[in-house]
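Per-chain numbering from 1; labels A, B, C, D, E, F, G, H, I and J assigned in written order.
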Amino acid sequence: MTKADVTVMIRAKKREGKVSWAAIAEAAGLSEVFVTSACLGMNSLSPEAAGKVADFLGLPSEAAIVLSEYPTKDFSRTVPTDPCIYRWYEITGVFGEAFKELVQEKFGDGIMSAIDFDMEINKIVHEKGDRVQVVMSGKFLPYKSW
Amino acid sequence: MTKADVTVMIRAKKREGKVSWAAIAEAAGLSEVFVTSACLGMNSLSPEAAGKVADFLGLPSEAAIVLSEYPTKDFSRTVPTDPCIYRWYEITGVFGEAFKELVQEKFGDGIMSAIDFDMEINKIVHEKGDRVQVVMSGKFLPYKSW
Amino acid sequence: MTKADVTVMIRAKKREGKVSWAAIAEAAGLSEVFVTSACLGMNSLSPEAAGKVADFLGLPSEAAIVLSEYPTKDFSRTVPTDPCIYRWYEITGVFGEAFKELVQEKFGDGIMSAIDFDMEINKIVHEKGDRVQVVMSGKFLPYKSW
Amino acid sequence: MTKADVTVMIRAKKREGKVSWAAIAEAAGLSEVFVTSACLGMNSLSPEAAGKVADFLGLPSEAAIVLSEYPTKDFSRTVPTDPCIYRWYEITGVFGEAFKELVQEKFGDGIMSAIDFDMEINKIVHEKGDRVQVVMSGKFLPYKSW
Amino acid sequence: MTKADVTVMIRAKKREGKVSWAAIAEAAGLSEVFVTSACLGMNSLSPEAAGKVADFLGLPSEAAIVLSEYPTKDFSRTVPTDPCIYRWYEITGVFGEAFKELVQEKFGDGIMSAIDFDMEINKIVHEKGDRVQVVMSGKFLPYKSW
Amino acid sequence: MTKADVTVMIRAKKREGKVSWAAIAEAAGLSEVFVTSACLGMNSLSPEAAGKVADFLGLPSEAAIVLSEYPTKDFSRTVPTDPCIYRWYEITGVFGEAFKELVQEKFGDGIMSAIDFDMEINKIVHEKGDRVQVVMSGKFLPYKSW
Amino acid sequence: MTKADVTVMIRAKKREGKVSWAAIAEAAGLSEVFVTSACLGMNSLSPEAAGKVADFLGLPSEAAIVLSEYPTKDFSRTVPTDPCIYRWYEITGVFGEAFKELVQEKFGDGIMSAIDFDMEINKIVHEKGDRVQVVMSGKFLPYKSW
Amino acid sequence: MTKADVTVMIRAKKREGKVSWAAIAEAAGLSEVFVTSACLGMNSLSPEAAGKVADFLGLPSEAAIVLSEYPTKDFSRTVPTDPCIYRWYEITGVFGEAFKELVQEKFGDGIMSAIDFDMEINKIVHEKGDRVQVVMSGKFLPYKSW
Amino acid sequence: MTKADVTVMIRAKKREGKVSWAAIAEAAGLSEVFVTSACLGMNSLSPEAAGKVADFLGLPSEAAIVLSEYPTKDFSRTVPTDPCIYRWYEITGVFGEAFKELVQEKFGDGIMSAIDFDMEINKIVHEKGDRVQVVMSGKFLPYKSW
Amino acid sequence: MTKADVTVMIRAKKREGKVSWAAIAEAAGLSEVFVTSACLGMNSLSPEAAGKVADFLGLPSEAAIVLSEYPTKDFSRTVPTDPCIYRWYEITGVFGEAFKELVQEKFGDGIMSAIDFDMEINKIVHEKGDRVQVVMSGKFLPYKSW
């Protein structure tokens, strides 16, 4: 049983039971973004959280083990094609250098970690059209000299 | 005179005068991220804002015209190599599908616009190490059927 | 059952029953282009429209659910090879910059949306050879400054 | 003097004189899309039309010769990055197969020519936001068997 | 049953019966190049010709239907690796610009159609070594201005 | 002085003097395709033929030396973008396997040489539209076993 | 049964019987390099040689037919990754231009054929470490002018 | 002064003085392949050999220093396009696996070094056409286990 | 049974029995890095070591044979996407040239072998956060001139 | 003045004065690897260290400013071609997964930082041939869940 197999199981359970990612995340006791990414095979859950997800969805116990295994993060499209994901790639291209300039101005030479990192996605109701809000935060890692 | 020429001028002025992006943004009356990206040639300023930037930095008047021209957004690296920008690309790969799932769950079938879009970058002081916070918001655009 | 499975079923039904895309679109109560793209897995139908398509073609009820699920738009060929599709890619290359110049001249800095978008394909009978006419329209999205 | 040199000259004249593409096209006696693409080096004008453009903009006579030379259509970005052009590439990916299906259904096995081809771009005023309308037409070319 | 399935069947029949492409083409009443490419899934035969091929080779009747369906021309190798096909790619690279210059000199601005197109392959017996002769002809398509 | 420099000179002479490739080829005493490709830097002329071309066009004597130097055949576009050249690339993709099958059927296992090779391009006047005819011939090279 | 199937069979026979490539080549009556490449699906054996290989290894008679069919040479890695093969790719990159210069100096404008070609691989015992010796020879093919 | 500058100088001297690579190699007291590759910037000569080459060709003394500097081996074409070099790339693809099998059979698990390596290129006169002979030898490097 | 099959078996045994790589390496009597890479199919074990690994894990005897077969090192991602592996790729990009400069300064023109090579990975406990230490050593191979 | 300009200056000073990287590093008071990489434009020195390097080598004062500016780490070759750097890329491919397994086994799910990172390169004298030793250490960064 692989992480891809477990993702297929979870999607089937969601379709049958009309279960939302929000409900799965609540069952796990963690955030929506993190739990969703773990269910899609891109992160690992602790054995406890994995067990809660498996229980909540009625998955076999091996699925809980698989959910807690360390994943290989494999993103197969160099340039994503789905428009929802491509727009983020485009933002990386258009604002990447500005992001780098401002991180350096505010913090010095270094980067925002993608490992010690969190993200949430919110719905902002707006009269001219609702907005997707993304709040990311990552630890600043300064370049070391030695 | 091209946008690339103006970026070189602005960098020279910054080096000479120790001017920050924050100060240039304040002079323009707009946000740091947007003004920085416009100074790097990835967005256009209104003639008024462009004039303020040119005045503040002591650039020739043609530079103000160039800053207000519509840019061609050309990002030459399919996969960015600078670590500060690559991490964002990695986030797109690792969390792109989770982002898509949650946008769809919260809003329906559609995307977050990268055009009707804004972003800010904040420094969060933290005892275990400061954090870079990015807050992005884009209008939700539902797929149309017809 | 995946969207690809449903596409295979629909093609089989079409071959058996000599059903046209036009007839399927009429059954769905939507346009030919949109319904065809949904049957090929690139767009989602509303549950009502999906049900009508499934009924019309005699597909199992799960197929209707699958047709209404949100798709991941995955186009696997960076440069399309089929001549019918390549010509459109070529038009993007040859006329892309002219398109951008004219959109900007007529509307200001911004883009034509590919999400709030519609298209129709018509046959124009012509004595020197019939012509394929494509009429696309997308909402103009102006770049925001902030 | 190359086509790229002439494009630089034309852009300089436009900036100085606030001349629109529409006005250049009118001077040439041809459509906006075609004349703009020729001025960008992607098509050739007849000597007469080239002369009219050169006269209208005050370009040297060699520029008229260059505008009438046959171009090499060279689009350097396999996947375009500018959002305005990328959206068209995305439309090719998302709707390419549906386009092919409908052309075949309406005309038989064959393609829409990108050579015996025309296009216009219109502004459709709309209360929920103006729309960019593109109308393309190309001769249907049936596959020959022999 | 797909075009790939039918190609496998045809190859099996050829191996068993030592049937040549020339014989299949003769049965179809069409040229060798066209019939071979159709049997390899790159072109469609008319229902009549497809029926003749299926009868001649003893294929099931569904195969005839499949042979007459419109193909998606999908060539998976951007740069072909088989030496026999690569040499043609090399000729495209080495002589492509010369071909373009001479087509333009003889016909004006335009292209040789790859759709209204035919080709034959002949064996020229020669004392210093036999030669492969390829004769291709395609309709000249002039660029249209509008 | 490089082959690229000589090509620029030849194009300038052609523009000034309205000299055709056919006339240059006649001066060289060789075929149009070969002489054009040599003038574009993709083949070498014998010193005699190079001298005739230089004399005919009034090029400096060093140009004749350069025309007779052995070229490095460098085709920079993996997939050509100019439509006139792309169509040939498409023919390679669509008919490459059929070509291989028929060469093997007629000659055995081997290839058509792209070195011991010649090509001519003819204009076939036709009432439904003139046709570009390409006649290529290359020595058959059988695979050797040892 | 495909060439890939036969390669799997041959590898199984080799593992079972500890049969060397040298022994298979001797059975075929041909060289090691050629027979090994044919067993790996990259060349065809004559029916006689194929029969000898099949007999020697105890393969079914269809395998002999498959070994004598003309292969499609398909090398799937643009840049090989196995170190043993990569080093040869590296030699092509590092010494390719020197090779070309010396072939031209010794023979004139032309190439070494990869079709009328042979190769052997020898072990040279050497006190400072044994050496792999590769001896390749290919017919010189001069460029033709016409 | 870079290695590329020195290569240009050497080519100019060769053109003027009709000096062969063989003569330069003899002046250096080293082999043709190695000296040619060093003159093309892909290897370094010892200061003594570099001095001899510079003296022989009448190059400035800085050129000798540059010839003895350690090069960065940069081969810009992933797939070479010049036919003379491509054929070698093709041999790597077609015979790479057979080469690996035979090296392993004769020597064990390991590779042929491309560093402790030599090569010569010979002309074999042959009545059916002269042959290019390449003799390469590289130290066998066994994989280490630890 | 392939190396990939054996890797799957080993992973299953590890999951069941909570066996560490360290324990497998100890059973084999070799280092952790080497044994892990061999179990992942990237290196070969001696028959003795392979037998010990198979015994320790309770694998079938054929698995031991497969573990001792010479592998084809095939790394399918040109740019690795897993963050843990990507960081190493990034180090290659950022420090590759400095590494080359220092190897040359300390040893002369040449390279560090990746074949006569070993590596260990250590955990360095550190109060500000533990550190991963990698110690690699490879034989220096000087470029040969000849 | 750019970082690339400063690198050219430093290389010229090194050639003139036979200055080693070791000596420059000693002048800077930092390690060889870090200082070399900063001089090659891939890292930034503190203003103090940059001043010491500039003084030691006799560079203009602007060079010191440039050496202390934050770099954009741009590695232009997706797959490096220089053998000395390629071998490291190969190690990443061959041992990347083993490295990941062992880091996870020793530390848990996470990565070795390439930012909080150091490296040294040593010469190990060895009777069977000297060895290049690389010692790298990077902070372990555990994946965060939230």
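Here, contacts are C-beta pairs under 8 Å (C-beta built on N, C-alpha and C of every residue); 3 or more make two chains touch, one makes a residue touch a chain.
Because the structure is a prediction, the values reported are computed rather than measured.
Rounded to a multiple of 5, the Cα-based rotation taking subunit C onto subunit F is 180 degrees. Relative to the C-alpha centre of subunit F, the farthest chain centre belongs to A.
Centroid to centroid, with C-alpha atoms defining each point, subunit G and subunit H lie 23 Å apart.
Subunit A and subunit I have Cα centroids lying 30 Å from one another. Note: centroid distance subunit B to subunit F, computed from Cα atoms, is 48 Å. In terms of their C-alpha centroids, the spacing between subunit E and subunit H amounts to 42 Å. Within subunit D, the positions touching two or more other chains are listed as 43, 72-73, 75, 78-79, 81-83, 90, 93-94, 97, 100, 104, 110-111, 113-117.
If you check the complex, the residues on subunit H that touch subunit E are 79, 81, 83, 86, 90, 93-94. Put simply, subunit B touches subunit A in their complex at residues 20-22, 32-33, 36-37, 40, 42-43, 73, 75, 78-80, 82-85, 87-107, 110-114, 116-117, 119, 121, 123-124, 126, 128-140.
For subunit J in complex with subunit B, the residues that touch the partner chain are 65, 69, 72-75, 78, 114-115. Within the complex formed with subunit C, the residues of subunit A that make contact are 15, 77, 79, 81-83. Residue ranges on subunit G touching subunit F, taken from their complex, read 30-31, 34, 38, 43-46, 49, 70, 72, 97, 100, 104, 109-111, 113, 115-118, 141-146.
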